[in-house]
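These notes open a run of structures that come right after.
The following pair of complexes shares a single chain, chain A, combined with chain B in the former and chain C in the latter.
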Partner chain A sequence: MRILISGFGTVGQGFAEAMILRRNFFQERYGKDLTIVCVMDSSTFALDQSGLCPAELLERKKSTGKVGTERYQDPLKVMDSVEYDLLVEVSPTDIKTGGAGLKNIRHALGAGKDVITVNKGPLALKFCELVALAKKNNCKFRFEGSVGGAMPIINLCRENLVGENISSIRGILNGTCNFILTKMDNGQSFEQALKEAQQMGYAETDPTNDIEGYDSACKVVILANSLFKRNVAFSDVSITGITAISSEAISLAASNNMVIRLIGEVSNDKLEVAPRLVPKGHPLSITGTLNAAQVVTDLAGPITISGRGAGKIETASAIMSDLVSIMDDRKGREGRCLNQ
Partner chain B sequence: MMVNAQIYVKDLPGRLVESLEPISLVNGNIVGVVHDREQIVNQRICIDVTFEIKGNHELDQLKDIWKSRDVLIAKIGSVYKTYTMEYMLVGKFKASFVESLIDKASKAIHFESVDVNYSSKNASSARTAMISAELISEDDLKRFDAFLMNACKKSKIVYIRGI
Partner chain C sequence: MRILISGFGTVGQGFAEAMILRRNFFQERYGKDLTIVCVMDSSTFALDQSGLCPAELLERKKSTGKVGTERYQDPLKVMDSVEYDLLVEVSPTDIKTGGAGLKNIRHALGAGKDVITVNKGPLALKFCELVALAKKNNCKFRFEGSVGGAMPIINLCRENLVGENISSIRGILNGTCNFILTKMDNGQSFEQALKEAQQMGYAETDPTNDIEGYDSACKVVILANSLFKRNVAFSDVSITGITAISSEAISLAASNNMVIRLIGEVSNDKLEVAPRLVPKGHPLSITGTLNAAQVVTDLAGPITISGRGAGKIETASAIMSDLVSIMDDRKGREGRCLNQ
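What follows is the complex of A and B.
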C-alpha cells in the first residue's frame, strides 16, 4: 500500500507517528509494510517512490518547519507525479470553499485512488458529489476522524449498528465549547473561559468556528449525509453558538440541577446545533474537552460513546481505523479474486 | 385507560385486600397503591390506588362492586401521561414578555402546569428565565417548542431547551 499524505500539520505528523508505532501491526496482519511515498505540506513536498522514513520526515519538519526540500505551486501536479494507492488528506479545513483539501480529494478519487480524510470542509460542502465520485471509480472513501476525533461514531453506526434503525444522534461534537462551558460551570465568565481555552491551545486565535457552532454544524452535516442518507449542506443547519450564554444562565441551570452544553442533533427531520439544558449525570453532561454522542436505535435503544474529540495521536487513531478497514477490504477483494 | 381512585374502607383486618380484589375481577391491573393509616375519617382509612382498566364499562362494574362491599369512593378520575420540558430564555426582556408568551401559547396548547423562574437582572440588563412546562401530549410539546423558538427568534432572545 503506497500512501500519499496531503498536509503535514498536527494531524499529518500524528499519523506519521502512528505509522511508526504500528509498523509491526501491518506487517503481521497483512504480510507487507505500508509505504509513505509522498508528503506535502503547505509549500513543500518530499517524494520517494521506494518509501520515505516517517521518523526522518518528522525530524525535518521539526528542525526546518518544512517537510520537503522541493517547493510546489500546484499540488495536483505533485499528485500526478507519484504512483500511490491511497491519499490521506489532512490539510487545514476551509469550511467556506473546501480549500485545497477538496481539490486534492476530487483529484485522487477521479484517478481511482482510495481516500481517507479528517478534513471537514470538503465533506460539509460536497459530500454527495465526493461519495458519488468514489462509487463511480470504485474506490474507498472514509472519514471517521472528521467527526469526534478518536470517538468512533461513524464506523460504529455504519458497521456495528448496521442492522438498526437509527432515529437520531445527538452529541457534544466540539471539545472547545465543552471546555468553555465546563469552566463557566465552575464560576468563570465566558471571556475568561475562552481566554483559558486559547492559552491551553484548545481554541484558535480566532475562535469563531468553534464558539459560533460552525465546527459542530459541519459535523452534523457529515453525520446526516453519511448515516441518514440525506443530501444536506452546511447552510441547511440551524445554528446557535454559545456566545450569548451568560454566567447567570449557567447559575440558573445549576440551581435546577442542570448544565448547559452545545449539542448537535441529527435525525430524518432535524439538523441543529444549539445550547441545550442537560440534567447533571446525563451521559451528555460530560466535562472538559471530551466529545460524546448518543445514538438512538430501535432495537438496542440509546447507545452512548465518548472520547477525545481532537489531538494529534487521537485523530491519527481514527485515520488508522479507516486504513485498517480499507486494507481489510482490499485483502477481502484479493481473497475473493483468488477464490473465483 | 389509566385510573386513579381515592377510596375509604373500614379500618378492619382484611378490608384492604377486599377493596383491591375487585380490580382484578374486572381484569384491571394495579399499578400503585398507597395505604394511608394517618388519614382516618369516620373510622375509615384512605387508600389511593392507580390501575389500568379496559374502559368505562369495566369501570362502572368496579364501582358497583365497591358499592356492594361498603367501599366509599372519594375521588376517581382518569390519569394521563404528561410530557415535561425545561426551557431557558436569555436576553433583554421583561417578565411580562414571558407571561404574555405563555398566555398566548395556552390558547392553543394544552398545559398541565407551567412554572417560571427568573434570575435577577445583571448590569447589562440582560436576564434569564427558566420555564418548566408540563404538557398533556407529545404534539403539544412539539407545538410549544416551535412557538417558543419562533417567538424568541423574532425578539432576538436566545432560546435553550432541554434534552
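What follows is the complex of A and C.
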C-alpha cells in the first residue's frame, strides 16, 4: 500500500508519527510495509517511489518549515506524477469552497485511488458526490476523524451497530465549546472562559467557527449523510451557537441539577445544533474538551461513546483505524479479531 | 445458518423476539433466512429441521411455561440429534461450576459448531479452554453480551480499536450497583436504595452476586482473557463490593464534586473490583442502571462507551451483533459498511 499525504500540518505530522509507532503492527498484520511515497504541504512536496522516511519528513518540516525541497504550482500535477494507492487528505479545512482538499479528493477518487480524510469542508459540502464517485470507481472512502477526532462514532455505527435501526444521534461535537461551558459551570463568565480557551490553544484567535456552532454543524452534516443516507449540506442545518448563554442560565440549570451543553442532533427529519439542558450524570453531561455522541437504537437502546475530539496523535489514530479497515477490506476480513 | 438455542428464559425469549424483528434485515443482507431448528429450556425441547416459528415458541412458553412438548433427560443427546451450525447458549449462569452452559458450549465447539453466549459462568471459569477448543475446531466463539449487556465493549476493542495498544479498561459493569449508588447520591441509605432496586426488579431477592461485586468480577475476568490475552479466573480477582459504603462517604465525595462508583479494572497487571471516587462530569460518573467502560489507548487516548447493561431485548441485541459478525466473517467482509 503506497500512501500519498496531502497536507503536512498538525494532523499530517501526527499521521507520520503514528506510522513510525505502528510500523511493526502493519508488518505483523499484513506481512508488508506501508510506504509513504509522496507528501505535499501548501507549497512543496517530497517524492520517492521507494518510500520516504517519516522521521526525515518530520525533521525537515521542523527545521525548514517545509516538508519538501521542490516547490509545486499545481497539486494535481504532483499527484499525477506519483504511483500511489491511497490518498490521506489532511490539508486545511475550507468550509466555504472545500478548498484544495476537495480538488485533491475528487482527483484521487477519479483516478481510482482509496481516500482517507479528516477534512470537514469537502465532506460538509460535497458528500454525496464524493461517495458516488468512490462507488463508481470501486474506491474506499473513509473519514472517521472528521467527526469527533479519536471518538470512533462512524465506525461504531457502521460496524458494531450495523444490525440496529438508528433513530437519532445527539452529540457534543466541539471540544472548545464544551471546555467553555464547563468553565462557565465553575463560575466563569463566557468572556473569561473563551479567553482561557484561547490561552490554552483550544480556541483560535477568531473563535467564530467553534462558538457559533459552525464546526458542530459540519459534523452533523457528515453524520446525516454517512449514517442516515440523507443528502444534506451545511446550509440545511439549523444552528445556534453558545454566545448568548448567560451565567444566569448556567446557574438556573445547575439549581435543577442540569448542565447546558452544545448538542448537535441528526435524525431522519432533524438537523440541528443548539444549546440543550442535560441532566448531571447523563452520558452527555461530560466536562472539558471531550466529545461524546449518543446513538439511539431500537434494540440496544441508547449507546454513548466519548473520546478526545481533537489533538495531533488522537486525530491521527482515527486515520490509522480507517487505514486498518481499508487494508482488512482489501485483503478480506479474516484475522480481524484478536482471539481466533 | 441453522441455530440451536439452549436456554429460553428472558434472554432466550428476547433473542426470539429479535429474530422476528430482524428477519428482513438478514434476508436482505445475506439473501437467505436464518432458521431456529431447536430450542431447549430446562426440561423440554422443540425441534424442527425445516425451521421453528419464533412467535409460536414464545406463545407456547408464555401459555404453558415450557418451550417444547417433549421432555429430555440429557441435553447433549438432544444436541446430537439436531443438524445445526450455531449454538446460542443462554441458559442460567452458574458461576461455581459453569453448569449446563459449560457442558453445552464444550459439546458444540467439540462438534465444530459456532457458539454465541452471554453466559458468564463458563467464560469466567474456562475461558482459555473454550477459546482453544474453538480455535482447534475452526469455530467462531463470541460473547459480546456477557459484559455490559447492550454496550459493545468487546467488539469495540476488537474491531474499531484493533490498531491501538490498550493499557487498561475501567468500567461500571453492574447496573444494579450503579442504581444503588445513584440513589445514595440523592440521599438514600444503602438499605433503602437496595430495597428500591429490589422493588424495581433490578436486584434479586438475594442480592449478594451484585452488591458484593461478584458479577462485576466475572466481567473483569472475561475482559482480561479476551482483550488482554491473560489466562485468569474468578478467584484471581481482588473484589470489594459496595456494602460498606456509608452515606457519610457519599456526602464527603459530593462535597469534593465527586461520586463513588463500583469500578472493575483490568490491565496487564491489575484485576480488581472496588468502589472508586470519580469526578462529576467524568464519562464514568454516569447515573442509574447504565454500564460504562473506559478503554485507555496509546494513540486515541481514553475512549468511553456506555449503554444498558441488562434487559431482555438489549442483551438480545448483543447476540444479534455477534451473529452479524459471524455471518460476515463466514461470507467474507465486503458489504459490511453501510455506504459502499
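The working rule: the second predicted complex is superposed on the first by the 332 of 340 C-alpha atoms of A that agree within 3 Å, B and C clash if a C-alpha of one lies under 4 Å from a C-alpha of the other, contacts with A are read in each partner's own complex, and residues count from 1 in each chain.
One rule holds in what follows: a residue touches a chain if its C-beta (ideal position, glycine included) is under 8 Å from a C-beta of that chain, and two chains touch if they have at least 3 such contacts.
What you are looking at is a predicted structure, and each value in this text was computed from that prediction instead of being measured.
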Contact-wise, after the overlay, does A:L130 reach chain B, chain C, both or neither (first, second, both, neither)?
neither
After the superposition on A, what does A:V39 contact: first (chain B), second (chain C), both or neither?
neither
Name the contact category of A:V324: first (chain B only), second (chain C only), both, or neither.
second
Given the superposition on chain A, which partner contacts more residues in chain A: chain B or chain C?
C
Answer with first, second, both or neither: which of chain B and chain C does A:N256 touch in the superposed model?
first
If you stack the two complexes on chain A, which partner ends up touching A:I303: first (chain B), second (chain C), both, or neither?
second
Is A:H282 contacted by the first partner chain B, the second partner chain C, both or neither?
both
After lining up the shared chain so the two structures overlap, which partner does A:R170 touch, if you call chain B first and chain C second: first, second, both or neither?
first
If we overlay the two complexes on their shared chain A, which of chain B and chain C does A:V237 touch? Say first, second, both or neither.
neither
Which chain A residues contact chain B in one complex and chain C in the other?
279, 282
Touching residues on chain A, where the partner in the complex is chain B
170, 240, 244-246, 248-249, 251-253, 256, 258, 260, 263, 274-279, 282, 284
Spell out the residues on chain B that touch chain A in their complex, using ranges where they run on.
86-88, 90-91, 117, 119-120, 122, 126-128, 130, 132, 158-163
Touching chain A in the complex, chain C uses residues 18, 21-22, 25, 131, 134-135, 140-141, 150-152, 155-164, 182, 185, 226-227, 229, 259, 279-283, 285-288, 290, 292, 297-308, 311, 313-314, 316-318, 320-321, 323-324, 328-329, 332-334, 336-340
